[in-house]
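Taking it in order: structure first as structure tokens, then the write-up.
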Amino acid sequence: MNQNLKITIIGAGSSYTPELIEGLIKRNHELPIGELWLVDIKDGAEKVRIIGELTRRMLAKNGMSHISVHVSLDRKPALKDADFVCSQFRAGCLEGRIRDERIALKYGMIGQETNGLGGFANACRTIPIALEICREMEELCPDAWLLNFTNPSGMVTEAILKHTKVKAVGLCNVPVIMQKGIAEILGADEQDFVLQVAGLNHFIWARQVLHNGQDKLQNVVDAMLSGNDPLVPQNIPKFEWPSELLRNMGMIPCAYLRYYYTSEDIMEQEQQEASGEGTRGEVVKAMERRLFDIYQNPELSEKPKELEKRGGQYYSEAACELMSSIYNDKRSIMHVNTRNNGTIQGLPDDCTVEVSSMITKSGPVPLSVAPFPSDTLRLIQVLKEFESLTVEAAVTGNRNVAHRALILNPLVTTGSILEKALEETIQANLDYMPQFR
Amino acid sequence: MNQNLKITIIGAGSSYTPELIEGLIKRNHELPIGELWLVDIKDGAEKVRIIGELTRRMLAKNGMSHISVHVSLDRKPALKDADFVCSQFRAGCLEGRIRDERIALKYGMIGQETNGLGGFANACRTIPIALEICREMEELCPDAWLLNFTNPSGMVTEAILKHTKVKAVGLCNVPVIMQKGIAEILGADEQDFVLQVAGLNHFIWARQVLHNGQDKLQNVVDAMLSGNDPLVPQNIPKFEWPSELLRNMGMIPCAYLRYYYTSEDIMEQEQQEASGEGTRGEVVKAMERRLFDIYQNPELSEKPKELEKRGGQYYSEAACELMSSIYNDKRSIMHVNTRNNGTIQGLPDDCTVEVSSMITKSGPVPLSVAPFPSDTLRLIQVLKEFESLTVEAAVTGNRNVAHRALILNPLVTTGSILEKALEETIQANLDYMPQFR
Amino acid sequence: MNQNLKITIIGAGSSYTPELIEGLIKRNHELPIGELWLVDIKDGAEKVRIIGELTRRMLAKNGMSHISVHVSLDRKPALKDADFVCSQFRAGCLEGRIRDERIALKYGMIGQETNGLGGFANACRTIPIALEICREMEELCPDAWLLNFTNPSGMVTEAILKHTKVKAVGLCNVPVIMQKGIAEILGADEQDFVLQVAGLNHFIWARQVLHNGQDKLQNVVDAMLSGNDPLVPQNIPKFEWPSELLRNMGMIPCAYLRYYYTSEDIMEQEQQEASGEGTRGEVVKAMERRLFDIYQNPELSEKPKELEKRGGQYYSEAACELMSSIYNDKRSIMHVNTRNNGTIQGLPDDCTVEVSSMITKSGPVPLSVAPFPSDTLRLIQVLKEFESLTVEAAVTGNRNVAHRALILNPLVTTGSILEKALEETIQANLDYMPQFR
Amino acid sequence: MNQNLKITIIGAGSSYTPELIEGLIKRNHELPIGELWLVDIKDGAEKVRIIGELTRRMLAKNGMSHISVHVSLDRKPALKDADFVCSQFRAGCLEGRIRDERIALKYGMIGQETNGLGGFANACRTIPIALEICREMEELCPDAWLLNFTNPSGMVTEAILKHTKVKAVGLCNVPVIMQKGIAEILGADEQDFVLQVAGLNHFIWARQVLHNGQDKLQNVVDAMLSGNDPLVPQNIPKFEWPSELLRNMGMIPCAYLRYYYTSEDIMEQEQQEASGEGTRGEVVKAMERRLFDIYQNPELSEKPKELEKRGGQYYSEAACELMSSIYNDKRSIMHVNTRNNGTIQGLPDDCTVEVSSMITKSGPVPLSVAPFPSDTLRLIQVLKEFESLTVEAAVTGNRNVAHRALILNPLVTTGSILEKALEETIQANLDYMPQFR
């Protein structure tokens, strides 16, 4: 890698991008960037233009105007010889996400962008585009690292690792929030303890919290149960864990596991929200509109406070730290989506898992994961089977495979209702899911 | 084994018993019975008395009055030196079953006696009694074979095989009905083909239908899809299988798998029934009352036609054939619940599975099962984990284990609703579940 | 299958053939044969002619001259529309076997036709021919069953099942001898007990001896240890089992397992024999010469007594019983080489194992095998890996794969000596191993 | 842990100890030692006295006389409140090692202290003592870390982790030598690349050599094959690897794997040495005598050059780096023996493996190991089974288990010769193996 890194952001018209820019500015001393390419599709032209302007102002304010900023609707020049590619696009935009939520709720199921019926729909829209980008990367920047934030991050990463040669790492802010929340509970620096997580994207458990020669996991659980649970991202509802369950688990479930352990409560809240302030997608859409109003302000030259409510906090931190760890062979421990390859026993070698890994210049080397308790393992295996079949359905457009995938998902209701919901999902998304035609 | 077999029936006050008696009469030439002991508890005293009288009339009519018939409310003399013990009791009687159904429905879940929340409750009521009986058998008739029909048959058999030394075989009429339905479709005798099933009780798939040198499985599927599905027992609702799913499965799911593949449709029908003619338990209760009216008729000396609607058809056939196969070392292929011991890959050795087995004088020797497709395997593994945790909860009375069991069950809703439903289940059954006190 | 079965014997010039003919004559009532094709290669022309004459005399003596006997050096007409094909050829004839023995002994290793370096050489000579025959069968008699006796039977069967569509079953007399020896010990008919064996060809253990409602395995062990061991074939040396080992094993090892459990003793005996009466191959060669002198006698019209010393006793019984079981859907329990497919846990699904199976018109359905003790499982896994790599080497001619295979075999010495022995083996057999050129 | 660390060395009379002292002196800035306890048994009183004097001179020369040095023949005060315990004793002294070598060679087997028959004997002598020490540690210093160098290090560590609560880590210089040899080949610093090894003690393979963003494993192999193989410890014979084997392996076998891949060559060399300069044990014994002559010199106050020929080079480095990594939570990657716990797929969770691990204040966290090629896995599984059965035999004194262990070892010959060799081993060591009485 050269000293003038070329970093390309796909889906740069996202409201998150200023956070990423801020992170790159902070790490300027260890990540010597030469070019920054902001790419989006035509529908995002206005948004990416606004982001581009804001980026230039932010760089200027920090005396980094030597970095050239390119805004482009054409992916190819942006990918050519890139060192790092950050993928954060949303196939079908927020409209797609909202449609997923509404269809699921209509059929009495949880509507969410990474799991259940909504996660399935999102994967089927997204994976064909992700693979197209990767095929371009194989040709234009075969040595580049792809950092995938595009949701559903685990399934998208699995599709890429199974079907292309791109060096991809999937990222998520959920384990970053866990790391920060645990630091708060322990009253320690994030670097002072080793948090080991394992599972699938949005489906992980903390397995160890090694601090000062001891495993402090149970102390963290106690703190969480005594009303202080800072491990929950802003974009998912706050709920109490069933206390006996949590106390006896010997692991810390990530906040998204509430979808599985307390699904009926989530369902009720979603239905309330949907008939009140709107679904999460609808709320985010309104928030985005407000954020872009702020971004347009020519006086603004830093990330605005309002972005923090957006939900994706620390995405940037994960991305910048990963780029730096690879570039500098830092061997720090990060929580990433990567090929299983024997890390979690009881899952196929070629599937993708989310596990704490040592990050080297050659990419992630996962830490070994102690065998899961058998009931938790069964849950993980079922979810992974759902994910792998969904990837297969997204690639092949085979409806039978799609149906088999959905039957396995605990958030999906089976029967004639599912047949209808699946067909409606496909028809409503047909422009983005040509594979099902 | 001697030539004067002593056969003991626990829960003989069941309305099914006349079918069993009929079966024993038919097999008189190969199963030389000396004594027949009909056992029940005080609450069933009147019913078992009626059954006893009917039994004597049936034997007399067939010139078999040399068989001594004993009606007893005391298990010990009945078990002493027994050769075969048939267990068909229902812990908490039909009232318990109905309560299970109503509690589940109240919380928006499927209410059924062998799966979901109802299956859990039934297991927790039944297993302590089953283990008590087995401890008596260890002492009074250590060489006897126990034929367990008591539901939930798979979990009860697992509890017995894990916690006692009794030689137990679990039986169910579901695979018998499949065998007969397939015979009808093929236009063949039941002995003319080898049906191999595998899975868990009420959760099996036919894996092979070997007939005349070919595997006719897909022919059977075609017939089932063309409107002729004789594989459904009378006591579960008729539904269409999603045709694409069934056609591509490469296996034949048993009728009870509708609870998993089409759970919403079952749910709707159960709710309709519950607010109409009553739950299945309520329907059965009314049917039982009518049956006992008929049984009391001193002119009746054979199994009445009305029994066939009761739902348990062919139970008797399974029981009598199993006793004869063991007694005569017949090596016939039967479908039984037995210790896994390597038969189904991916399940623990010590759990109980329902598999086609060669029946010898030493008991069942299972046929080897080809690996399941991975999505089906995941379902089986999750269900078995639910079952094994339920057995553990039933034995220990540990609420946390109970909760972990139920979370895994696809027919159970998670969240605060589950905590309430579990607590109500325990409180409503406290007389039968002292382990949870 | 028609009523005029066509049976084809490949390698019919073998001295064993009269035994097979005798078996077919005995089973005439259940196996209605129309044509018998005796096939061999040019080098065996004289021998197969002699066998053909003897066959005709044997049939005539039994009033079965309606069966047409064809002697042919051309495989194709012989295979055309065959119902059963018995493969018993020896690639490279006895000269090949003797060469294997002598090369192995020269390098200080055990020299034997089915294991160690000799087994490897034999597999590499034989498998290409076996696959050629199977490709002809795919075309000329796709519905025929192939009964493979050709050694090394396990590896040859694995090659066929992995690389062709032929319905092949591998047979061996070792388990037949165990069955008969155990019958002798128990004083019982062979049909009176269920013997279950499992493992690989020439590498099996009896796991159960179910007789009269009990497992008599330990009784058989006691009898073997008290000096009466009728389980040893005539063609392998008699040795005492280390008694403590055998007594505590909980299984009965087949006689060939002496090669692994007492290899040094076997080695010594082989070296003595090699410098005395000759290697086993040399002894057999002399015996064959004498047998063919007898077979030529125009007065001879039955299997001569002398054949019994030859070592392959009961081969015929296995073959004829298998053909009859398939033809008549007898569902008898036989011990055959077939696709593992989940039968023995810890081995790949697609490898071939030797296991007790129920024989139907659709072929073998293996009995489920209880998990092996872990030390025995490790031995089986290593041997199977040797076998599978040997099959791969035999098919591809890859020397590196050959070397990796041999390194795993406990009867093979590693180091520069092995590199020399492997090269000498290949060079000495180059006419039969063109794949290594 | 306090700032005045107490370090206890068991078997301090070893000639290696000066190297360890040198290492502690070098790391003085990061490992603040207060007390150093040198412990040995009566037979080693003179040697440990000499080492104690030398230690004091070495500390004095480096201005570290504030560290108190205690020489003790009583373990208890030495263990009381220790922070780190280094175990490097040799049960039965070099005489025991020599006896092992000579008995093995007498029966035609490789004689070596960590594998084959000699490794078995060594384990059976050593494990009872190691467990005794650990029981004292459980009481006197329950929080201390045990660094085990005592051979056979893998089996001794497994015995400790299975049978005691001591926090033990097994160490070996073999992977350290690999790390240094690879650094030499790459022309890189040891910290500049990540070497990942996996397997069992003296039975490991390098799986990755991550350097500068690439896996340089094949480059290292090429260098090794072109005549430059710096990965071989001084105490095992130099041999050429079979080049085709090494080139196609995709892994780098450790030097000790020559015992398995080229056993006959090793055997020949051992026999030559045994009838020439003596066995390795005899050579070492003479060397030790010379070293102690040097150590006695009151002028000597540093590790003498001659120690380097002794064979255990870098032991000290491994020990000191491990203590420092734990004490300082350094998270460096080291290659240690620890509980498998899912790290290597296909081995039991509770066995001990040698794997590259991140060292934290809470001990080692292994890196995940990619699945091994199946032939290599089979070798590892067989060796581990040998080791685990040996541990069981060492703990229980069960001869049948001992025999079953040895049968599995590829370096052991089976048959009556083995029964004799085992009995002679037990009788010759009876003072050290009371469990076999």
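The letters A, B, C and D name the chains in turn, as written, and every chain counts its residues from 1.
Following the convention adopted for this analysis, contacts are C-beta pairs under 8 Å (C-beta built on N, C-alpha and C of every residue); 3 or more make two chains touch, one makes a residue touch a chain.
According to UniProt, the chain labels map to these proteins: A, B, C, D = 6-phospho-beta-glucosidase.
These numbers were taken from a predicted model, which means no experiment stands behind them.
Shared contact partners of chain C (6-phospho-beta-glucosidase) and chain D (6-phospho-beta-glucosidase), listed by label: none present. Looking across A-B, A-D or B-C, the pair that copies the C-D interface, with over half of its contact pairs the same by residue number, is A-B. A separation of 58 Å divides the Cα centre of chain B (6-phospho-beta-glucosidase) from that of chain D (6-phospho-beta-glucosidase). For the pair chain A (6-phospho-beta-glucosidase) and chain D (6-phospho-beta-glucosidase), the distance between C-alpha centroids works out to 45 Å.
Rounded to a whole number, the gap between the C-alpha centres of chain A (6-phospho-beta-glucosidase) and chain B (6-phospho-beta-glucosidase) is 47 angstrom. Looking at chain A (6-phospho-beta-glucosidase), no residue sits in touch with two or more other chains. In terms of which chains touch, the assembly is arranged as a closed ring, every chain touching its two neighbours and no others.
Of all the residues in chain A (6-phospho-beta-glucosidase), the ones that touch chain B (6-phospho-beta-glucosidase) in their complex are 108, 242, 244-245, 248, 260-266, 374-375, 378-379, 381-382, 385, 389, 399-400, 403-405, 407-408, 410, 413-419. Interface of chain D (6-phospho-beta-glucosidase) with chain A (6-phospho-beta-glucosidase) (complex): residues 1, 194, 196, 208, 210, 212-215, 329, 331, 333, 341-343, 345, 349, 355, 358, 360-362, 365-371.
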